[in-house]
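In what follows, chain A forms one complex with chain B and a second complex with chain C.
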Partner chain A sequence: MFALIKREVRDHIVYFIGAAAFSAVFIIMAISILHNYDLRRQPPAFSIVLGIPALTIVIFGICAMGSTQMYLDKTRKISALLSTLATSRNRILLARVITGILAILTLLVPLIITAVILMRFFTLLIPFPMFDGVVFDISLTVFLMAFACYCIGLQSGWNSNPLTPSLGALCLTCILLPLIIVKGFGLHIVVILVLFIVASLIRTWHTFMTTSL
Partner chain B sequence: MNDNVVVVEDLVKYFDGRCVLDGINLKVPRGCIYGLLGRNGSGKTTIIRILLGLEPPTRGRTFLLDAESTELSAKLHGRIGYVAEGHNLIQNYRVGRLIRLCKDLSLQWNDEFFNHLIETFRLPADRRVKELSIGMRAQLNLALAMAIDPELLIFDDPTLGLDTVARRQFLELAIDLIQQQGRTILFCSHILSDVERIADKIGILAAGKLVVDCPLEKLKERVKKLQIIFPESAPTNLNLTEIINQQIQGREMVITAANWNKQKQTVLETFRPSSCNEIPMSLEDIFIECTKPITGSIES
Partner chain C sequence: MKTLIRGLALNYPVKVIATGLVVLVLLSLPLFWMRFTCETSLFFRMSNEAKGVSIAPSLLVPDELEKDPNVVSPSRASASIRYQRPMSLGFFDYFIARFPRGRCTNVYFFKSFNEWMYFDVKTGQLVHSYLEEQVMPDKTPFRKKVQLYIGPEGVSETADKTLGRFIDPLIDHNWSAVTQRQSRELILFDKKLRCFFKIDFNQRTTTKGPKIGKESPVQKPIKIGRLSKNLFLFEDHLFWTPPQIKYSGKNQSNKPIPIIPSYISYDAGPYMLVLDESGEIGLLDKESLTIAGVSGRLPAPETYFGSRSTVRPRDLLDYEVMPLFLTTYFFENPEEVKMAFGDLSYLFKRKASRVEKNYLGMFATGVSRDGSALALAVFDEKGKVIKKEYSRLPKQEGRYTTYLQSSKAFFFWAPWSPALTIGKYLAENLHPPILSVASYFTASAFEADAGHRALFFLPNSFIAMKGRERPVNFAERFFSALWLILPSIILAILLSIRVSKDAVVVGLSENTRLYWIIGTLAFGLAAYITYRLTRPKITLVTCQNCGKPRRPDMAKCHRCKSDWHVPELIPPAWRVLNGTELVHDNSPGDAEETVAE
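Right, the complex of A and B next:
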């Protein structure tokens, strides 16, 4: 399994570098904006200014990673070779998904750590109301959103017709965005995302297990 | 433990509504070298891909090393060496990296033997697979398949693209492997002289069916090509079954018959031929006769 994960990471190292670079740039921008803004006069609008384009880049990037992994496998017949070695299709797919999770964590973990430190620091200076689990809720939701996008990428990369997964992604966005705007981050979003991820992974697994390699 | 390493039961495969394999039954006993022959598109590669679980069958079941192909575990895969037609290697990898990957994903790796092969074939570790010639790719694929000390070797046209020297080296390697007891080889090739040299048992696929499945010696005994001269014009029908091919020219008739025996000889003699001579046949001649549209079935 370790050899399979190592292969996936090496083959898609550009996404890991991209995730780390994006994370670094985002942290620098966040610190710089926080430093220059007078938080006592202005609300922390930087979260919206930075958040929306950042989330878009994350969603497209992660989706592209899943799609590239599957597309390159299909065109280069990588699994056709690997599955004749001492491994199985299950393990190949599992290694791929673990690699995707690792890429998402490479992106999110530094951001979460920075967010926690910054929030601790600024809430000491300017106390503004905030419930305890906000960082956890936002982090979990963003992680699940990124993972859901990754699953869509896996599906569209293997399908000859990527329209269905793209429509699925559009539907998901249409449901999630109003929910986040109306109700904020929380359990309901997490449940929807988990259900979507499970359905998407089962579909990908079934296709990958039954298709010709 | 089953004595048959490869078992194919009533295998049917359709591609886009076209029947490629039509009820194939095949058994390869342990230690046997089975030469699977057939013209281009006859379904040899499809059988191998279904056996390895790379392609789902339309109907029927296949087994490798006592396990159903659709449920082959990683451990079982580790006991099977496979050389694919077209040498299906990851093209953008460097040779060294591909070797490391295969080594990491193997249950056992015979370094000494592998290095010997790499030196014999003079394969450069720093070049990308796509930069290698077809012959070098074939050699690399062979070396990778052999390095895992497999119990079962499946070769799908392994000498395709190899020059004469490399082909001879490969055959000698295969013979070395044969000498190691318990090894089983399933071998597809278009080079019939290679198959004739190493195979114990032969299967010939034609029109989706396995028209021949018997030991090589028995095949040569059973398929007869006869030149028969009649006193007057040759009869159009000899009322014999399993006639593979028949040509009539005036008084002369040339027939190729499967499962030739005394009964058939007696039926032939009722037509009172002036002479009946056997024409010697090589495996290539038998293959050409068997893959013509109308064929009989020769089974052990």
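Right, the complex of A and C next:
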């Protein structure tokens, strides 16, 4: 299993580098915004203006990763080759999904740590938790949204035509992403995204297991 | 376990349900934006005249002031619908609810690092920090930071268990705005302890009121003090102006001035307003901390299909209540008497010897769920409704002016609004019919604000509006609601016929076909897309018996039930013999003649 994951990481290392780079950019942005932030005022508009497109690019990237993984498998018959070795298709798919989660975590974990530290510093002067649970809510929602988009990539990537995976995944991500605008970061969006992810994974698994190599 | 999970995951129904869920989520989102765009455009196109209501004279001002001969314009209460649709979206709502004063935070206000108040859940005490004006012996003023811990049993500068614990306190969120001008006194209600408390910061005492009795008109208070649903919207939507007189002094423009000074701070004088979950508004006596009576209730706006006579706060997109009281200041000189609407004692240099506060009544507004209608009601000091006005669009018809209900004007009487209404209607009809029917039954279950970010159940759809209609004959109401989703039902029937035909072609079993028909009737377009994505992708071959396409992976033709036509392999009657070999007599009768090499 570990070897399969290692192979997946090596094949898609560019996504991991991208995730780390974006994570660094976000950390710098967060520090610079909070440095000049006044609690009594609304959050600065530019943080939203810059934050939303950057987040969109990241999520498109994660979706592209899922799409690429499946498309390359379909066209280069990677699974067919691996199945001749001592492994099963279940394991191949599982390793792929774990790699996707690792890429998302590469992006989010440093960001979450930074956010928690910044919030601690920021609220040092106030003896009460000002935005209790906000970091957790936002992190969980962003993680689930990124994973849901990755699942969209997995579903649309299983195609021999190069146009369908890229355009299909792009369109579906464009549709799913504004769910954050509609539902915010609460329990509702978490429930919807968890159901969406479970359903997508079942669909991907079914497709992957029943298609001839 | 592994086998079970694997079996479940590879099961056809599981795959269909999973695909259906993905399709439903992805289909609901574009439909949401379509509805959102149409509804927002409808609001923008609505005439400003249809968004406002005005009552003049306001009927609460004593006659000696209202009918004063110098009055050039009477007192006026006016209200208008505020634009707030984007604020209803989850993203904005999440942050608004968590900012100080929001509904999901324990921070009641935060003015600076020295001035704030929050509820500490761990200790069950309110913690309040403020700057107190003090004078040094050399008469230089300075501000001292004071931090107090407040519990049901008292106030202290240190957190102490003897102060007791509040469990679920409710305070006037507007308190911080008026605290600078008035005595440092806070009234709060604890939802679990079910009684009011008065905290005096100067005396550092807590006074506990009696428990709310069962006979009290207010049983479950949800807001006290300033009763407004959206405190974060900076634009007020309820205004009151006192009677105006012409100013005769010099150095002033000819602009009329109020007959007596007024300062409206949402304070009800000797009382405090308490809003109940049911929409009833009670008057809390600030001295005895008991509910002294009812001051009115939130008015129900006129919606498109006619609304119920009473509304709860959660049924209204926005509401605002403004109490009015008259203060009379008596000074040492018995002839010197001053009057003001609201409390203006901070304006006087001398302290009045006696102050009388008379509660006059209140104005209350309510905005319908979809933001298309507004009601403004005036209640007297006994809580009796004096006048109620609804938002209307004036229409000139020849020499006469007729007034059209604003919720009807919203959908049909602005440029392009019929097209936008049709767009909204079509988007609602592309929604799964079963969810539309569920929206009818759950029409009032959702909070009005939350209805604007609904994806699956649509509390603001036409069918849900019908569900909130006045309770008349249930069957009649239900069938007329079904009439509203007729396009959706027709579409579902057409799609189910298509699915049924295709299912026959691809050879799905009768049971599976039946489930697909029921599913498509219930979920409409979403089910059809799911069917297209999950139907068996097999290249059909021509059946030699019936000539129609049949599945190569099935033993019998799913149309004519005929087996595969496989020619029987009959051994040839001839065979090649070795030169020495003899033909036996018991060779098959139909065998062909043996050929010798």
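Everything below uses one rule, namely that the second predicted complex is superposed on the first by the 167 of 213 C-alpha atoms of A that agree within 3 Å, B and C clash if a C-alpha of one lies under 4 Å from a C-alpha of the other, contacts with A are read in each partner's own complex, and residues count from 1 in each chain.
Everything below uses one rule, namely that a residue touches a chain if its C-beta (ideal position, glycine included) is under 8 Å from a C-beta of that chain, and two chains touch if they have at least 3 such contacts.
Keep in mind that this is a model prediction, so the values were computed, not measured.
Peer 1: Please indicate which partner A:I202 is in contact with in the superposed arrangement: first for chain B, second for chain C, both, or neither.
Peer 2: second
Peer 1: Output check: A:R76 vs chain B and chain C. Expected answer is one of first, second, both, neither. What do you get?
Peer 2: first
Peer 1: With both complexes superposed on chain A, which partner does A:H35 reach: first (chain B), second (chain C), both or neither?
Peer 2: Neither partner.
Peer 1: For A:I175, decide between first (touching chain B), second (touching chain C), both and neither.
Peer 2: second
Peer 1: Does the superposition put A:V134 against chain B (first), chain C (second), both, or neither?
Peer 2: A:V134: touches chain C, not chain B.
Peer 1: In the overlaid three-chain picture, which partner chain does A:T210 touch, first (chain B) or second (chain C), both, or neither?
Peer 2: It touches chain B and chain C both.
Peer 1: Any idea whether chain B or chain C touches more of chain A?
Peer 2: Touching more of chain A: C.
Peer 1: Output check: A:G186 vs chain B and chain C. Expected answer is one of first, second, both, neither. What do you get?
Peer 2: In the superposition, A:G186 touches chain C alone.
Peer 1: For chain A, which residues belong to both interfaces, chain B and chain C?
Peer 2: Common interface on chain A, chain B vs chain C: 210.
Peer 1: Quick one: in the complex, what on chain A touches chain B?
Peer 2: 2-4, 6-7, 76-78, 80-88, 91, 210, 212-213
Peer 1: Write out the stretch or stretches of chain C touching chain A in their complex.
Peer 2: On the chain C side, the touching residues are 6, 9-10, 14-15, 17-19, 21-22, 25-26, 29-30, 32-33, 89-95, 98, 100, 105-107, 110-113, 116, 118, 120, 127, 453, 455.
Peer 1: Residue numbers of chain A touching chain C in their complex, please.
Peer 2: 39-40, 43, 90, 125-128, 130-132, 134, 137, 155, 172, 175-176, 178-186, 188-189, 192, 195-196, 198-200, 202-203, 205-206, 209-210
Peer 1: Could you pull out which chain B residues touch chain A in their complex?
Peer 2: Residues in contact with chain A: 49, 52-56, 72-75, 77-78, 80, 82, 84, 88-92, 101-102, 104-107, 148.
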